[in-house]
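Order as written gives the chain letters A, B, C and D; numbering starts at 1 within each chain.
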Amino acid sequence: MNDRLDLASRCAQALYDRDAASQGLGMRLLASGPGSATVGMSVRADMLQGHNTCHGGFLFALADSAFAFACNSHNAATVAQGCSIDYVAPAFEGDTLTATCNELSRGKRTGVYDVRIDNQHGQLIALFRGKSYQIRGTVLAEETLK
Amino acid sequence: MNDRLDLASRCAQALYDRDAASQGLGMRLLASGPGSATVGMSVRADMLQGHNTCHGGFLFALADSAFAFACNSHNAATVAQGCSIDYVAPAFEGDTLTATCNELSRGKRTGVYDVRIDNQHGQLIALFRGKSYQIRGTVLAEETLK
Amino acid sequence: MNDRLDLASRCAQALYDRDAASQGLGMRLLASGPGSATVGMSVRADMLQGHNTCHGGFLFALADSAFAFACNSHNAATVAQGCSIDYVAPAFEGDTLTATCNELSRGKRTGVYDVRIDNQHGQLIALFRGKSYQIRGTVLAEETLK
Amino acid sequence: MNDRLDLASRCAQALYDRDAASQGLGMRLLASGPGSATVGMSVRADMLQGHNTCHGGFLFALADSAFAFACNSHNAATVAQGCSIDYVAPAFEGDTLTATCNELSRGKRTGVYDVRIDNQHGQLIALFRGKSYQIRGTVLAEETLK
């Protein structure tokens, strides 16, 4: 069995389980691995802004959650320092979005991650880049690591 | 009476009125002017992530809404192209956040806007920069401009 | 023969030929294609800053040139709107850097491009993202298109 | 006499003195203070790209140097982590550009700085945001601090 894969999976699940925000937005943790994560979310009516498309904040939140699961997958507590998003196409009510995050670089304390959001037709919706910063502590409690 | 100020105020209010996302997140439109907007939001329990602080997506959404009201304040329909956010300090449940947006540049089609988010103690929480793109159409319907 | 590949190659070469800055910095156009470009540059003594590593401006310039060749490869005159760079490892005097640019998205007027800079050991030095904006005009003069 | 101002001035000057890149590009250190710096540069013929305007790499380098002098002004050795630039108007040969950097936030290890570049007519040319990371060491050698 692949230990790093197993660890990544347990870290992502633990983080998701205590993440009221991601759960409340209906996000689903679809996949996770060392430095990677895939998260799904459907666009609800309460996510639409004045132009009747998905508010950028919810696209960002989806990407940001995928980023959080990916950068915490090595079991070192890690937070976002800063992120950027570029919008490529609008998302509409009922769309099923998938955010896929991959690790581009990971140094001693900082890392760079890319996320792409696609809709159910495989159309690119947004591109996100996140910069992480490792703090003290682990994702999993000590006893759970036995 | 200042016509540009009045126009900005009516554009921001019209956009807010049809923005289910900003309303659903409890945002309050506190001020608006030509190229500027101030928006308030309180951090709720359902906005917390796995580290028990406000999920970056909601900080981003707050800044993004202030940006939307500011860049649409000239009554030319305008959308976000891309945005970046840098986190300075965490926000906690019950914090009252204020996002203040100002226009740095506005060309024929594109513009650059800055937002800062402070908490109720005047502490800086995050810095956001948004890039806008003017599309066809107006914010206010023709008849309301009479 | 691949017409789009040929067009890309002629656009990149034409742009490079009138680009005193890229030439003056010793950049070499190594490859080009539709939406892509690879550019090489060696770090000279006059490119070092106060910490004795390559000044970020020259890393940025290298990535920016690769981006320019890539986003102009469709023969529609295109300029940069904004760019971001994240530094992963320092570059030293004598290092041979390679910037590889790929197109992530290209709409009617705007596009998103990624560049990665590696050194001669294949080590990642920096990650760059560029946003393009298509203006009027072509890269190649009309008569050269016959 | 203001000690922090004096320290900032000595740090900026020391960094500039060993910065072959900034000197080679003709940059002039115009002002410095705690968390701030102003740097001038004239656009030379060898800084022009294929559209006959200043290559973005040189605008970036100018802003990046102002950022470096500002974030090192507290005498803690500090490097850039990542930067973004948004272009507002082109710069032409012979233009005299001024980059003004200010500190927006400075935590234990990381900071956020803004730079604006204006030309000799006071026209805004570009907006830059830099993220800093404090490493070990000081800018000034120990003995010079006596």
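In this text, contacts are C-beta pairs under 8 Å (C-beta built on N, C-alpha and C of every residue); 3 or more make two chains touch, one makes a residue touch a chain.
Remember, it's a predicted structure, so these values are computed and weren't measured experimentally.
Taking the CA centroid of chain B as reference, the farthest chain centroid is that of C.
As for how the two copies chain A and chain B face one another, over half of their interface residue numbers coincide. The distance from the centre of chain B to the centre of chain C, with each centre set as the mean of the Cα atoms, comes to 34 Å.
Centre-to-centre, using mean CA coordinates, chain A is 23 Å away from chain B. Centre-to-centre, using mean CA coordinates, chain B is 30 Å away from chain D. Contacts with at least two other chains are made by residues 81-82, 84, 86, 131 of chain A.
Those residues of chain B whose C-beta lies close enough to touch chain C in the complex are 81-82, 84, 110, 131, 133.
Only residues 84, 86, 88, 104-105, 107, 112, 124, 127, 129, 131 of chain C touch chain A when the two sit together in their complex. Looking at the complex, you find that chain D touches chain C at residues 14-22, 24-25, 45-52, 54-58, 60-62, 64-65, 68, 77, 79-87.
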